[in-house]
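Quick heads-up: structures coming right below.
Heads up, the next two complexes both have chain A, just with different partners, chain B and then chain C.
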Partner chain A sequence: MSAIAVEPSRRGIVGALPRAAARALLLPLGLAALWGLWEGYRWLGIRGHWTWPFKVNDTNMPHLSKIWHAFGQPLQPDGPPLRHYLWHYALFTGKEALAGFALGAVIGFLLAVVLAHSTLLRRGLLPYIVVSQTVPILAIAPMVVLGLGTKGVNPWVAVAVIAAYLTFFPVAINTLRGLHSPEPRALELMRSYAAGRWKILWRLRVPASLPYVFSALKISATASVIGAIIGETPASLQGGLGYAIVNFNQYYSTQPANLWATIIACALLGITFFLAVVLLERLVLKRAPEHVA
Partner chain B sequence: MSTIVQPVPRSVGRQIGRTALDWIPAVAVFAIGIGAWQGIVVAFHIQEFLLPKPTAIGHAFWTQKSVLWSQGIYTFKEALGGYALGSGLGILVALLFAAWRPLAGAFMPYAVAANAIPIIAFAPIMNNWFGLLNPFSKMAIAGVLCFFPVMINTLRGLTSVHPSSIELMQSYAAGRLSVFRRVRIPNALPHIFTGLKVATVLSMIGAIVGEYFGGPIEALGVKILNDSSYGNFTDAWAGIVMASLLGIVFYAVVALAERLTTSWHPSARAFHTE
Partner chain C sequence: MNAVSLKGVSKQFNAGVTALDGIDLDVEPGEFVSLIGPSGCGKSTLLRIIGDLTKPTAGTVQVNGKPAERARRDHEYGIVFQDAVLYDWRTVAKNISLPLELLRWSRTRRNARVKDMMELVELTGFESHHPWQLSGGMQQRVSIARALSFSPTLLLMDEPFGALDEMTRERLNSELLRIWQETSSTVVFVTHSIPEAVFLSTRVVVMSARPGRVAGLVDVDLPQPRTSATREEPRFFELVTRVREQLAAAGAPLGETQEPALVEEPL
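For the complex of A and B:
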């Protein structure tokens, strides 16, 4: 059910080796193609004075090499290079996202365990959990950050709360599905051994739910990073990637490469979170018979 | 970008219930929730800037309803434009990929990687490209956000056809085009709608967050941000209520379209009979 996470089909090691090699080859090829597209479009656009859909010039589409160089350029004369700042910004935002991710995942999991055992609570709460998804949740970000901030709560905690809010939904829904996924026969077997609710929960339901939980965690990993970045922007919370985006956005007309470099840092942070969950999944679910996407 | 959201599976819909009786607990929770909110705010003297009373939000919403409505519609138009653009392109690209698989093999790893990056971070770039006050800048970010879930879900639907259906069609000497028309596309409809439902929320988020990075005063996102930075939290919450209502209506309309167009599908039938 993961909206978009695409699972690779699992084959033996023999099948995996050439595929890994092909993938390793595909990456530089794809990056080269992206580079060619960017520079090609830029070249054509500047020559042809394209103004639709947007004006192609050095500001709107800086040379990729310029963006690359921006990482090494100092922000102030004699200061450390941009990549030094971005590294610390990414650590700060990563800390918020990680705290929010952990909080949201635990709340989502516990909520699912409670809901799995009570039809009444399910009927009462599930509609709102679902409706909360049709609400543009990020719209609440300024409220939470500024509201908690005036109350003396450390701003990064407020940002983590937003990241947690974005994390909890996929985890709760998917865990609930996973807890209900064991076959009736397996439940009957457990009951025939006189296993109680807790035993069934820990021995049968939770292990069965793990693949579902991980497919939710993969979605939540990026969602928590998004929550942290967007949560920082309204509060102008200094020291994070969201702040860097707002800051460099103001100087876009003179130094566009800085904003692009920051966005690349955001992308790398998101991919790092995603890959960390994938790695964790491989370790935990090593012996799972199959993956449920 | 693995979006902030994912589709609600049918099994969950089943658990929520369908008859009026099943909805009683939900209505009770709503009443208790609003009552508790009001009670806690009054009892503990929680300041307005932290959490306004529901009655105060309701009052602010009512007195500003015409302004909120015009701001909401402005933002909704941006979201709708981006939605049409991103989803349309997503479906077209998926059809292309399904017709010519090697292309899909080459591009899908990038689509998955794009899934893992916070695309919303590109909102300021779109504002710079298309102009802060140009609604197209918000449509563009909403469109990019919608594109990936719709494309990936559509492709999954188009390619997850039972081989025997294809063999049957081939035994009738059906061409590629009619296999697409009669098997692949109908089979993909539930998947396409899964993507389209996710995209409704994403397009609203794209438009509103795009406005957080700058936009005209007529826009809902600008209003919410301005109100909250000037400390008018009750007004900001009223803006959020408007955004939520529009988001819910948008989602409900697409869900209704899904009901109407896929009621014949086995997965929908199972949902009704179980």
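For the complex of A and C:
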């Protein structure tokens, strides 16, 4: 027994503290580096009169401090500041994206389960699923919104459907791969217990697929936000970040910082979605360290 | 009634390769039978035919008096592979109780059995560890505990210690003998180590390569219980030599290569 030992824990208390400190420093350092790059490029571009790939001036690259300042500026005289609007736009778009993400994830997962169990369906359907993603979302979005609109569906739900359209694909493809990931021996073991398809699915294939599913969900999390923003535009739906982008675009030459502030709001929303998935993964996934993507 | 009864079992693969040809073999309850032979002699295939994990092309297979498929559906055997094949997302305890869950045992009954099994394979205290936190030898003990958890009368083992170092292997050999005697089960054991086959078995089945046939049987009359001292007895060496000579007579080429993994369609 003595020769058979458990691997010692990889991190001791001693190593953990400097590591945590380094991690805490990483975020401000990264932001400072980004700020330096932006301002540095801006300074060099204006000095050197760069015109490629774009002309560097106050309109195209406002000072970051100006963008930061824009968050606090009222849109109308005596109105609430921009951040107030952006917060509500982000909530609205976030609602669409979350509904779309959930819908897309469920559809993608179920599709993968069906495809995993039928070679015929896999051969027959998979090409069309791939083709579905090559269709420009901008072309489909108005059709979805109009089509669902005539059925009396709330426009934001239609936008969620568009977000789901972008979300389901990575989930379906990755889950399918994950469901096929158990090695032959693991399946033989189930066969030796005379386990049926359902038991093999729930006790082996689905748990084995989870690392793949989470990889897909990370992609889908940000894609669903993009889908919601893009979906709002042709839907002419007001109240979300997509609407804000179209709106501020019209005033770009005079107030570029507003559009930049909106872009930052979009990025923050996407990051929030991504981090939510990462957190969920940490809670759900118990895997060997080398198997966690 | 025999624990395992094979009559005229042959197996041909699609490519026209004859893996097994006319195998006749009876294993009595309580026996520890090793299948030994050169790589490619179909010994692993034969084990899987007994477990109904692959079908023979010809011949009949009976386990505990039932056709192989019936026996598999009735959970007459537990199987241990060369890799432990533990499920990463389950703890050690949950891995052992996997077959019990499939058999719809109640939670209290499962927990009690897992506790017994942990004691049997001497892993008490590691219940909530995950497989990747264990050494190879410990993983294989978990795999043995899982195979025995639902008290099958027959244990099929496919080179279970082949991937372990020599010291761990010898220790697990002794443990396996103890477990075999405590559980009074029947074991069919595939190996390509001659000393391992002799040390463990009551009978060694020597197989020839391509097509796999039974080339000879060696009764191992070493007294029980066997200990590390058994490995130093003259009789042990005599039997090792007997098996080696039979292997040579069967035309076994020297040197070992891995058998190809012959697996049926996974879904």
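Just so it is clear, the second predicted complex is superposed on the first by the 248 of 293 C-alpha atoms of A that agree within 3 Å, B and C clash if a C-alpha of one lies under 4 Å from a C-alpha of the other, contacts with A are read in each partner's own complex, and residues count from 1 in each chain.
To be clear about the criterion, contacts are C-beta pairs under 8 Å (C-beta built on N, C-alpha and C of every residue); 3 or more make two chains touch, one makes a residue touch a chain.
A quick note: this is a predicted structure, and the numbers were derived from the prediction, not measured.
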item	value
First (chain B), second (chain C), both or neither touched by A:117	second
Contacts of A:267 with chain B and chain C, given as first, second, both or neither	first
Contacts of A:147 with chain B and chain C, given as first, second, both or neither	first
Touching partner for A:210 - first (chain B), second (chain C), both, neither	second
More chain A residues in contact - chain B or chain C	B
First (chain B), second (chain C), both or neither touched by A:42	neither
Intersection of the chain A residues that touch chain B with those that touch chain C	1, 3-6, 180
Complex interface listing, chain A residues touching chain B	1-6, 23, 26-27, 30, 53-55, 59-60, 120-128, 130-131, 133-140, 142-143, 146-148, 150-151, 166, 169-170, 173-174, 176-177, 180, 216, 218-219, 221-223, 225-227, 229-230, 233-234, 241, 245-246, 249, 252-253, 256, 259-260, 262-263, 266-267, 269-271, 273-275
Of all residues in chain C, those that touch chain A in their complex	48, 51, 53, 72-75, 77-79, 81, 83, 85, 87-89, 98-99, 101-103, 122, 126, 129-135, 137-138, 167-168, 171, 261, 263, 266-267
Complex contacts: residues of chain A adjacent to chain C	1, 3-7, 116-117, 119, 180, 182-189, 191-195, 199, 203-204, 207-208, 210, 285-289, 291
Residue ranges of chain B in contact with chain A within the complex	1-9, 11-12, 15-17, 22-26, 28-30, 33, 49-51, 106, 108-113, 115-118, 120-122, 124-125, 127-130, 136, 140, 148-149, 152-153, 156, 194-195, 198, 200-201, 204-205, 208-209, 212-213, 221, 224-225, 228-229, 233, 236-237, 239-240, 243-244, 247-248, 250-252
